[in-house]
Amino acid sequence: MAVFVDLNIRQTSDKNLLRKTIEIAAHLGYSTIAVNYVIEFQDKKQNFIKPIPVNDLFNSLPIVQGKSKPIRVLNRLTVVVSDAVQCIELRATSPHIRLYDIVAVLPKTEKLFHTACMTLDVDIICITVTEKQPFHFRRPPVSGAIERGIFFEIIYSHATKDSTMRRYTISNSLSLMQICKGKNVVLSSGAEKPLELRGPYDIANLGLLFGLSEGDAKAAVSTNCRAVILHGETRKTAMGVVYTMKKNQTLLDKEEDEVTHPLSKRMKT
Amino acid sequence: MATNVKDKDAYLRLNFLYQAAHCVLATNPENVELARFYCHTEKNISKRLVLRQDPSVKRTICKKCCSLLVPGVTATVRQRKCRQRQRKTVVRCLSCGKTKQFLNNPSYVLWGDRPESQPQYPQSQSKQVATQKPPVNSKTAR
Amino acid sequence: MALAYIATKEHSPQESKQAKAFIDSFLKRSLHNLQEEEIQRHTDYKAVVLEHKYNGKKTQKKKKSKGLSAKQKREMKLFHLKPEQQRSVFLPLNELWKQYIRDLCNGLSPESNPQMIQSKLLKADFHGAIVTVTKSKCPSYVGTTGIILQETKHVFRIVTQHDRLKVIPKRNSVFTVEIDGFITHVYGSKFQLKSSERSAKKFKLKGTIDL
Amino acid sequence: MAAHHTPISVGKASGKAKTVQTKTSFNNPYNICWSPLERENMHYILEILQKRFKELGLQKKEPPTRKRRPRICTKGQKGDNKDPEEGSWDVMQEVPMESSEEEQHQGWSNLEVRKQLAIGINEVTRALEKDELGLVLVCKSVKPVHMTNHLIQLSCSRAVPACQVPRLSENVSALLCLKSVLALGFMRNSESFVNEINAIIPKVPPLKVPWLDQTTPQQDVVQKDPETPAKETVQCVAPDGDVKLRGSQKRKNDEVTGTKQDSDISQVTLHPLKIKRVVPNPAKIRKQKGNKKKK
Amino acid sequence: MYMHLEQCPRHLLVCEKSNFTNEKSRHGIHVQSHYFNYQVNMLIPECAVLPSELNALVNSFEKYYLVKNVPVYELVEQQFIDRFVKKGSVYALSYNTQIDQDNTVALLPTGTLILSVDKDTYEELGLEGKSSQYSHKAVMRYVITVDLKSLVPGTAKNKRVMWALKEKLLVKCDFLIMWNSPGDEDFSLSTHFEKYQCKEHAPAVSTKVLRDLPYPVIQSCDLRGNPEKSCDASEFMEWLGAVTSEIECNNEASNFLSTFCCPEPSSVMEKAYLCTVTGFLLPENICKLLEQLCHYFDEPKFAQWTSLTVHGFADSPVSWGSAEHGFHKGGENFYNFVVFKNRDYWLQMAVGSHDGCPP
């Protein structure tokens, strides 16, 4: 399997809490994490938060436990979408999207779920875990999403908080598994505090609870996450065919001490 | 001067391909297939993007096997006789044997080469000159 | 018994080798049209028409010459490159390509942003570019470098340093082209188009850049 | 015909600039033409030729009046065997046949000199292809131009000095009493014209064919010393076979390309794009424009 | 939906019964072919002090070196091959690299270099390799084997390997390296790797004497164990695991940690000597230890049996010989010798859940 990834660490205003969470994640063995900025579209024009460049979060990135390489931090944007008009903002060319490595969407209604699966240019579709799933998953949108290489994300930190959330998480994910049979599923924490993080192997075991087979569960934490990151990476290339960057940047990558400010084009693949 | 041409990139590409074909032929005359491939691609692009090529370019490309007609390397040029009076220049492509014939008619000028075909030419004169239709003879290769 | 001119006349030493090349290729080409026996037939006997048969004014219908059928093209091996190519011969081609790309992206200055270059390169021509295979599902392709001579739908034909013509499939491999301080990764599997169609096709973002 | 017209506003006094529909087309980047010849060079060359031809007294003798085909018409002869005396067209060019040995009383005064010359476009072209010429002179009065343009590339690729001399045809044809001489070529190792060639060659401006010059710039086009031992070229002219030379010597051209150093690569320049704007030809008969709604 | 939950992941335990004296016994090969050993536990019942030879042996494990940030092409360098690989046997294993996440490298004494790399590196490296059998649906891991002894300096293969590991993609990792030299070593590993902060480590030895330890009664003849008289081998293995990880197996109510109790029929030994050695251990040393254990029973002793457990590295790309080491959740690969008085022995080999069957 590829390296362990946690795609959802909630971005909080105070920095040291975020820094502590990332250190704990590194200690647990995650080699890549994504700091998640959530956008709710209550008022009309909610300004987009610029992702804070990582180098002022840490002067030196924490070393992953059991490995000698530092942890890799990405930026992720999650847009909670309740009506169609907000989808325009999700076009690939909009300036805000370009700042983020991964783009996720949390559709509220069935119709939006369908558009998200079939047309929207996103990497992850989040599954609501905090309350009853408002709509049933139907096969065509899900299989369309799988074919387009879009992943469904299940957040487990709510399940650890209290029993009602746990019930909803499990029921929602089970209904999803019936449709997608364990394909294209990603497990991530969505943790605000360092306490809510769990080790990668425990999450793989937890996957069994959500209806994933053993192999799928482990893939959900490693291989599928790698595919999500690559899908995000493709958005930077010209239509996924040509991908140009400055020469000196690749030399920078060679020493692996690359700085992940939003515009840096890290040669991942 | 061609700043605002619609698909300038495609024209640039045609220009490159045409000169690449020549360059390949110049460095290694044996390499006709490659030059032919470049002209073939060039023809395809201009067909697909509906770009017009000037007769001076089209006259150097064989219609049948679209190889570059360079007199002395890939083509032979002869003056031949057609009807009693008339004489013609025949360009024969060596690889496929297709011939291009140009009548030796001193008064015939291609429309493109005519002065009034240029846009800057004041419109007034162009009316009368154009009335005297150039003798369009079918044999002349467009 | 092919009647052969023995052009053994001795040219003046300053006679350029280049001219030699032109003449040889010209002669070689014009020779192979007529096979041996044809020349034989040509020279030995001449058909004599005994009585003058006048078959009326045969209106020579101007048959619009239809182009070569695909089968004929294949037989004539129109685009079949000879295996032995010389890399040094194609260096001018590469130089030409560099100038083309510079014109295309109107001057590759360090600060011109890669985004614009990317979209331009998408529709640009890659003949004559020096390309290296950096990643590929089949690792033995990795590391081959050469000048692209021909780009067909599925394959790049490149000539490598030691003058060998190599055929590299585009599928499942990533090529890098380097010009003026910009490295371009070309993902072969999404590039499976004839080079002429590429400039006409509108690309849709599908799939990931993973092999 | 979906010609995408790019409206060009033609600056006109009348208020609304009438936009003229123009069709853009990709123009040939190279323009291959004869390099200009200075005036005194032209005169100098013409004098030398006139002097030389007078001395040689090479005359074109008319065959006796009865009309018979003086030349043997050779089968499959590609060359144009037009009867010399016929043809009143003002543009007529001589295609005197390569005289074969049996027909002694040819239309030419002396034969050896005639063999060292290539007169007429076709003969010059064929000789150039066989690379037997040391110098090529073309008349400027040729119309249309494409008849002799191919000689530029031919001579440049064979590294043979060539140039266009205005009024060549009137001077020389008078001397040789031919209708007109559009192209004149001197054999590489001709004895009688040796000093003429030497004299003319330095005067001949170098030919520039853009795509050819790139790869062979360092090779000097002009110097040609005809004094090379004129080894009689074994030239068995096939009595009636195709005149085209059967290439017998296959010379590996790798030593040709091998010798080229990298120095010349830098000279390869990409000619800038030339776009030609053409006003559509009003005279051209269009398919019924009426029923095909314009826009 | 819960069918995955019922069946707990499968485990593989291979038990063999044989005698040291009969020549077909394969105990030598098993020990020899298990190249990378992390820990050895020796349990001798009814003895408080270790006999002198055993003691000497336990402390005589060779020292090994931890070299930081070594590019892999150093191992392929011709100089390294001639000096070390060709003379004696070199054991090298990449340290601090997870087998299922990043690239791990192992150099076997037979001279083969094994690189188990992930998908990205494999595609970029340019060395031919096989896809690993244990990857889930999408193949994420490839195994490249390079036979160093057959690398002739001038050949294209050698150049290709050097080019791939040097210019194409610089693969770097920390190494545990050990050289079993045939004696006349004029250069040593530390001098060879001094520019890579080479530190020398010695295996850590810890001994413990256990008092009145309940133990299951076993007979050397029946592995399955008949109901009253003796236990079967797997129960004995579990008990041994509990002892070595110091879990009391008396199942008192107050003990929250484990409800494990000693398998019946059991009796009590009043004292037992437990010695553990951890570090980068050579199979040769373990072989010597095993022979010494056999001689332990030359003089009459109270103990019926003694046991020797050897744990392999969890993250090593190979377990036995050059067989690929499958890794899903746990990467255990260990074997255990139970030596009886009459020179009989039980050999038990156990592997993780998603792994091939041990040889």
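In this document, chain identifiers A, B, C, D and E correspond to the written order of the chains, with residue numbering beginning at 1 in each.
Here is the rule we go by: a contact is a pair of C-beta atoms (placed from the backbone, for glycine too) under 8 Å apart; a residue touches a chain by one contact, two chains touch by 3 or more.
From a predicted model like this one, the values you see are computed outputs, not experimental measurements.
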* Which neighbours does subunit A have in common with subunit E? -> C
* **Labels of chains that are neighbours to subunit C and to subunit E** => A
* Farthest chain relative to subunit B (centres taken as mean CA coordinates) -> E
* Structure fact -> By Cα centroid distance, the chain farthest from subunit A is D
* Per-chain Cα centre nearest the global Cα centre, belonging to chain -> C
* Asked: For subunit A and subunit B, what's the span in angstrom between their mean Cα positions?
  -> 58
* To do: Could you grab the centroid distance between subunit C and subunit D? Build each centroid from C-alpha atoms only and quote it in angstrom.
  => 29
* Structure fact -> Here the gap between subunit B and subunit C, centre to centre from mean Cα coordinates and rounded to Å, is 21
* **Separation of mean Cα positions, subunit E and subunit B [Å, integer]** => 78
* What residues in subunit C touch two or more of the other chains? -> 21-22, 24-26, 28, 30, 86, 89, 92, 96, 100, 103, 135, 211
* Multi-partner residues of subunit B (at least 2 other chains) -> 12, 15-16, 19, 23, 26-30, 72-73, 76
* To do: Check each residue of subunit A and list the ones that touch at least two other chains.
  => 269
* Listing of all chain pairs that touch each other, if any do -> A-C, A-E, B-C, B-D, C-D, C-E
* To do: Would you mind writing out the residues of subunit A in touch with subunit E in their complex?
  => 1-4, 29, 31, 66-69, 174, 177-178, 201, 204-205, 208-209, 211-216, 218-219, 222-223, 254, 269
* Touching residues on subunit B, where the partner in the complex is subunit C -> 9-10, 12-13, 15-17, 19-20, 23-24, 26-34, 36-38, 40-41, 44-45, 48-49, 63-65, 67, 72-74, 76, 94-98, 138
* Which bits of subunit A are touching subunit C when the two form their complex? -> 92, 121, 148-149, 226-227, 230-231, 233-235, 237-248, 250, 265, 267, 269
* To do: Flag every residue of subunit C that touches subunit B in the complex, lowest number first.
  => 21-22, 24-26, 28-30, 33, 62, 65, 67-68, 73, 76-82, 85-86, 89-90, 92-93, 96-97, 100, 103-104, 120, 123-125, 127-128, 149-150, 194-197, 199-200
* **subunit E residues within the subunit A interface of the complex** => 1, 4-5, 9, 69, 96-98, 100-102, 118-120, 135-138, 140-141, 170, 173-174, 328-329
